[in-house]
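My structure is below; once you've seen it, I'll send some questions.
Just so it is clear, A, B and C label the chains in written order, and each chain counts residues from 1 on its own.
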């Protein structure tokens, strides 16, 4: 008689599923998206509402440390730093959004050309990527901004022209994979034009990856806009952008006006962190292995 | 994966679509020894970068002559040099002719005169680079080593509190504007606590004779700030790469042979992370240089980055081109080194198998 | 050792839920490996529900699976590719995905196992022969991988030397040149890779080998060699669980066949039963029999999908 047949047949549990935890899961993702969207909306509204307050000087209220009346303090012209921070953030987010959209469109166009345009086009795009990545981002931003005579257009163009390579590479790989699908081969054999195939059959399929890439580009664009503006190449000093505010704060660091630098910087950091985390949560959504976990 | 490696990856992906003429060209190209091919690619890329840089600066509506009429460099210039300056950076001749003339001079080592620093561009770049070198090297090494260690440790203890702490800290750091971090450091450690000087690489008025200790004292705060922002990038990427390695078939097999998790990380993890880490460290060169522009500006550290800002704001066209090329050369040298090292480290490439990284 | 250590079953004798073969020993009075009522399912989001409202549901892969391996026999688990056979191998070796729910009883050499004890048996009783060279570290020399991790102490070094000596012995026995241990995985030919993978299992002197699809990608000659080596291990007293989709090749070397279908073993029977369909009890097994080459491809009675059965051997055909 074998030893085990005397055991009771009750089945043992060898392994249980590990709970997803708070950070994982689709509901957490939904929360990120909602919070990010609401923040974007709130900051945009605040920027419009507080636009005039942010530039209104009141010398009787100059250089005040944070208080109930001025939670973020005031600067040397007596301007309320809370209003300036919110207005600056809305400017920065606006510029970042436009630049990120433009950059992602460049990425999409180049990915389509690389994946569908044949070997020469592919080589040309990869060459272009090497070129753009061969110069440090900030230096290239300074160059583009200089070429366009500084100002808002320079920043927008600079960010749009420098941030596309990583997304272009992701999309290109995705499109190459799609291209081997039988229905696309059939369309090609039927003589459907490449442009039509690209727009009707390919773009809708890479839309999820594209949107994720766009959301992930956004925080980078905000950060770099602020950086280049801070250096003096970006938005003009009259605009209440975060880069401008922090650049002005530089002059008051030694005077002990810490609030001029701390709060606007924190606001920028929070915005960047929020959109970066939202983008990562979205990315895990379109990554097949993680979709089901 | 190095972006310079993508060339060969692209080639492999679309081999089938090669027309006969292009095919012959590709075959001839592949017969050239691999290090030579890499070098040729680098030289061509450098030429393209120099052209793009020159074209961007030359296309600017900012007229270097008008922007610098009052500068000593311009006032002491001979009329011929003034005319040459106006011709090269003005809107007269075609772009290609002007680039050709610039390239002709540049190959002989003449990058023109800096208008802001009243010295040849070559010597300004050399001086500034020497001053930045310490900063860049320390930040690059620290961020590379600490970032790599944090990334591997985080993955080795995946899901633990340590992992979450490292990741959270890195997310926070990578969302922090570099220049703002520099401002906070300056406020806290230099202004409030007074541990470090407020700026400049040397005490003001100390002349040229500065001790190494003094230089170090001035470089500590900028270097640490720069390292700190670099750590996040390296750590997060290393963790991601470690995750990929630990999910591979060979790690699964090692586990099924009874090898402990620690032993797997040490024996298979580190070994297979060498190549991605190499790529990452080289990409980091570019990040660190970019960050140094911001950090040097905040700390008034007279390095290459600060000179770039001065040149850009001051319409110093020759210097701006010179600095952009210098930074691009450093980035390229890093990538070239990585590509050549791949060949030494990866046995699949050593034996002539055309395969880059993973 | 019990007095019935070498008790043998008569051919095709039926008990313990399965029929036996001549080679099946009950060493120590029990099976080498027994898996009873094993169910594995993966917790996933409900694919039917709206995206953000989807709850977690269990997707079953193995259902109430029972199978046994005796000492001295080759048991083939035969089923279509991608039907979850590898999940069985992972479960026996105590490796579970984080979202897996695994229930059932596993005995090894008469002792009931839990997850921790199964993990302890890796390389110390149960060894895996994986499918391909992709399971070797591409950047480590083959010899170092076969020997495995070694410590730095004097004792550990001596142990490592003994393992290295045993590896060389095995390599000699399997006709591998001494230079092979200095090669990297990408430099191995298909035949060399197969022997390296087998040696990396044999070096641990296992009692049970689980071979997970060891033949795909090999030409017929090499595949037969691979199976003969497993046969030789079983003849030496070890047990082999051969997981495969290639029934035709399997029937040449295996003692018994466990037919895997829809996440469970529907029939566990000696190879001899495949001589005639009357000896097979389950409709799916009969469909499998009919799909074998030089049999009439008769439509099958019963609820079992004949096309699925056909795919088992058709894939086997496409092997070489």
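Keep this in mind: a residue touches a chain if its C-beta (ideal position, glycine included) is under 8 Å from a C-beta of that chain, and two chains touch if they have at least 3 such contacts.
Every value quoted in this text rests on a predicted model; they were computed, and no experiment measured them.
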item	value
Chain pair, most C-beta pairs within the contact cut-off	A-B
Chain whose average C-alpha position is farthest from chain A's own	C
Approximate Å spacing (C-alpha centroids) for the pair chain A, chain C	49
Mean-CA-position distance for chain C and chain B (Å)	52
Chain A and chain B, separation of their C-alpha mean positions in angstrom	22
Residues of chain C touching chain A in the complex	16, 26, 29-31, 34, 36-37, 39, 42-45, 51-52, 54, 56, 91, 94, 96, 98-107, 110, 112, 114-115, 118
List of chain C residues in touch with chain B within their complex	93, 95, 120, 122-124, 127-128, 130, 134-140, 148-149, 184, 186-187, 200, 204
Partner chain A, residues of chain B touching it in the complex	3-4, 6-7, 10-11, 13-14, 17-18, 22, 45-46, 48-49, 52-53, 55-57, 59-62, 171-172, 174-180, 183-184, 186-187, 191, 198, 286-287, 289-291, 293-294, 297-298, 308-309, 312-313, 320, 323-324, 327-328, 331-332
Sites on chain A touched by chain B in the complex	118-120, 122-123, 126-127, 129-131, 133-140, 142-150, 165, 169, 176, 219, 223, 226-227, 230-233, 246, 249-250, 253-254, 256, 258, 261-262, 265, 268-269, 272-273, 276-277
Chain C-facing residues of chain A, complex	1-5, 7, 9, 11-18, 20, 26-27, 30, 291-293
